[in-house]
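The following block contains the structure, expressed as structure tokens.
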Amino acid sequence: MTDLTVLDEKATWEASVERLWAVRPSRWRDAWYELSRNKLALGGSVIVVFFTLVAIFGPALAPYDYAKQVLSDDLLPPLSGGHLLGTDELGRDLLSRLLLGIRISMAVGLGTTFIALVIGTVAGMLAGYYRGWVDRVLNGFVELVWGFPLILIAVLLIGVIGPGLVGVVVAVGFVNWAGFARIVRGEVFALREKEFVVAARALGKSDLNIMVRHLLPNVVGSALVMGSYYIAIAIIAEAGLSFIGMGAQPPLPSLGQMINEGSGYMLLNHWLSTIPGMVIVLLVLGLNVLGDGLRDVLDPRLKGTG
Amino acid sequence: MASYLARRTGYMLIILLISSVVIFYALRSAPGGPSGGGVLSPLSSQEVRQAYEKRLGLDQPVYTQYFIYMGHLLKGDLGTSLVNGTPIVELLTTHARNSLVLGLTALLISYLIAIPLGVLAAVKRNTWVDQLAMGGAILGMGIPNFWLALILVYFFSLRLGWLPSAGCCDPPQLLMPALVLAAEGTAVTMRMTRSSMLEHLRDDFVRALRAKGLPEWQVIIRHVLRNALIPVISLTGLRLGWLVGYALIVETIFRWPGVGYLLVDSVLRRDYPVAQFFSLLLIFFVLMANWFADIGYGLANPRIRVA
Amino acid sequence: MSRSEVALEVKGLRTTLFLREGSVDVVRGVSFQVKDGETLALVGESGCGKSLTALSVIRLLPDPPARVTAGQVLLAGADIRAMPEQEMRSLRGDTISMVFQEPLTSLDPVFTIGDQIVEAITAHRKLSRRDARDMAVDILKEVQIPSPEQRLADYPHQLSGGMRQRVMIAMALVLDPKVLIADEPTTALDVTIQAQILDLIRSEQERRRLAVLLITHNLAVVSQVADRVAVMYAGEIVEEAAASEIFANPTHPYTQGLLSSIPSAAGDRKHLYTIPGRVPDPRALPPACLFAPRCPYALGRCWKQHPELEAANGHSLRCWNPQPFTALRSIEPGEVDRSIATSE
């Protein structure tokens, strides 16, 4: 007779536990913190998406030809009739130049990073997976390039092939792939011993299959996080080199090039430099914040390496 | 540790050797050559050109030129500038000193800001102090140094007239380039100091130290910071590398007569001997910086030093 | 017993975790005394609040999120909860010391053993480095570390696990404290080393008339060193008695379960007991006996009313339905219904 009451009481006990569990807030102790981080990441991705759209469609929507000089309309301030952001010293429409400049910066940033990402991931994966002499050769090369001043290499390269965006892209890609290779190699080194990889090998899957199907998905997160930082680095490097006259050549408007051209008019017409400067700051800020957010979400182990 | 050092040193020498060959060949394969790039008038006749090249030994095969050059270099003969005939030794003493002054000042400013702020942000985690420092850091990472230079010049030179916008080598002229150069790595160093501090604040030994009754500042500064600095030290090697790179831009903007300014100038003018020597010098410097950072990392970390 | 003999007394201690989703009491109304020269073992599964009790006593709770919210901790009669931090700090390492579970991670890897012992001394005594060094050598000798002068220059990673724990004990004892808290001091060590460390703690205790609060989940450790035992479950003490009494006459079903789950050389290994179920979540505690869902003897009342700790003849117990001890054995899946039916 007591069994039933015991069972009944037990059910009540469990029900009360269930109830208490149901009302308990999220298990995430740092939920709020995570959320605020992710809000930042959200903000970052909004900025990045915005600039990507501008880079794709902006030049087509530009009100004027970026190179068209109207010398009588030179140095108009922003919000002048017909010129939203004003004109430069040669009477070229600043907005039209800015739109193309954003496309060039984004193209250089994304292009170099994509090249670096592909080369670096392949090299890092080969080194981490095969180890031995493959690793020694590849890693020796990575260590050589990694930590080398990008600007120095760019300046030397440009000294050889002449000023222009080609030198910038090659130099940035040449240095940055090593960053991806390092990260990917380290991860593959660790992953290689994990059960699922060992099991896949035991099942006789090919090395290529294991790398593509099992290792790649696991390293892609860290590579993406690194990627958003590296796009920012590439954009800053391009702008800096263009600023000292080694990147994009006139009349092509890269953001750094525009800042350089405007720098002579700082006192009276500072917007020629400050507007493209703020665009770079905003773009790089968006990329870095996005990188931080992605890192927290995708790969907590990388925390603090930025 | 000894074998590690030997390996590092050998490795460094090999890279230096490869770099010297690559740079030597690359500069000579450039279109135009020295006689095309501003040294001689484009209108110079073929004979003048040939005589000029013969005098400089440019008519010989590149590898011969390389060995001759390296021979001279090892004897201490650094050559002269093609543009104005200044002996490179002379350029070296003045420009290298200027660059060192600028670089060390920048590094000092940077660490004096980054490390205390990083420690403070970690200790006061999730308070407004932390958020302000980290917000500043992420903003700092987004501002390109050349633009920061422009803004500083705009305010402090053009508007307020407090500081000269360019030149060398008084303290007021040093201040802005040093600040701009410092800005580059400060944010990264601060973030790294903070995250490394946070990591070590969670270590078991922190509680054990408190259980010994040590004052809190001693736990934080003597123990946690000491541990947290190990990765920051190894970052320094990398930072010195970046510093060399950014010095090219900053020196050019502020017309600071350092090695970077000289190198950019000589590359644009195809002044081979100058470009060649100073790029090798900078590469040597970067390698040395990494070498020292490696040793510093080992010395700071007893688990490596006393294995 | 005279009051001065009590080195450490805890009364009605409540420790609370303040989390984003609200506060949780993880130690509830814990009281105990440790006298000079006595070892009290605080025993329980991980997560039962025993380590947080220890950290509350030495006031080293990670704050946030943990804080003591009620009760008193009397160290030689003085309430440490009321002390300013400065005064508490001067007691830590001097009057009350602590030894931790992981000797490797509890030592700062970048300082030598010597530096770390000297630092513990100079934090409390105005001594020259040379004198402090001499004290360090003496204490290392006392905890039987061979060639102590040379060891002073060693870094933690150069010592073995057992040696490191000896160093930790030396550091804790160098200023001759009255109370030593040992939080799982042997858990991270090899079995052969464990006995040596326990011997060392025992002999130091006798020499110095130390009051030792030993935190452990391991009853074998308890049997070697403890004078009294307090068993904790879900943040409360459920049974407390002299060690001999606990081993001879365990009364709380949880204590019985713990004892039944120790493999003994002669015992029935095939039916080694495991206590079914898990520790209840402290965020959702019902007004009932917290052990009821895991208890083989739970009655109707056990599900409805929370039992109080009641003492008789120096044996305290928190249970509605105490049973004489017969070694429990694991219930086979098919037996569940029968075991409930026969439980009354």
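Letters A, B and C name the chains as they come in the text, with residue numbers starting at 1 for each one.
Criterion: a contact is a pair of C-beta atoms (placed from the backbone, for glycine too) under 8 Å apart; a residue touches a chain by one contact, two chains touch by 3 or more.
Since this is a predicted model, take the numbers as computed values, not measurements.
Centrality annotation: A (chain centre taken as mean Cα position, compared with the mean over all protein Cα atoms).
For the interfaces A-B and B-C, the C-beta contact count is higher for A-B.
Here the spacing of subunit A and subunit C, counted between their Cα centres, is 51 Å.
Remark: subunit A and subunit B have CA centroids separated by 24 Å (rounded to whole angstrom). Centroid to centroid, with C-alpha atoms defining each point, subunit B and subunit C lie 55 Å apart. Multi-chain contact residues of subunit A, defined as those touching 2 or more other chains: none present. Touching two or more other chains at once is no residue of subunit C.
Partner subunit C is touched in their complex by these residues of subunit B: 203-205, 207-215, 218, 223, 226-227, 230, 300-303, 306.
Those residues of subunit C whose C-beta lies close enough to touch subunit B in the complex are 58, 60, 89-94, 97-98, 100, 102, 105-112, 119-120, 123-124, 155, 157-158, 168, 171-172.
Taken together, the subunit B residues at the contact with subunit A in this complex read 15, 23, 26-27, 29-31, 126, 138-139, 141-147, 150-151, 153-154, 158, 188, 191-192, 194-196, 198-199, 237-238, 241-246, 248-249, 252-253, 263-264, 267-268, 270, 275, 279, 282-283, 286, 290. Across the interface of their complex, subunit B is touched by residues 33, 144, 147-152, 155-163, 232, 236, 239-241, 243-246, 256, 259, 263, 266-267, 270, 273-274, 277, 280-282, 284-285, 288-289, 292, 303-306 of subunit A.
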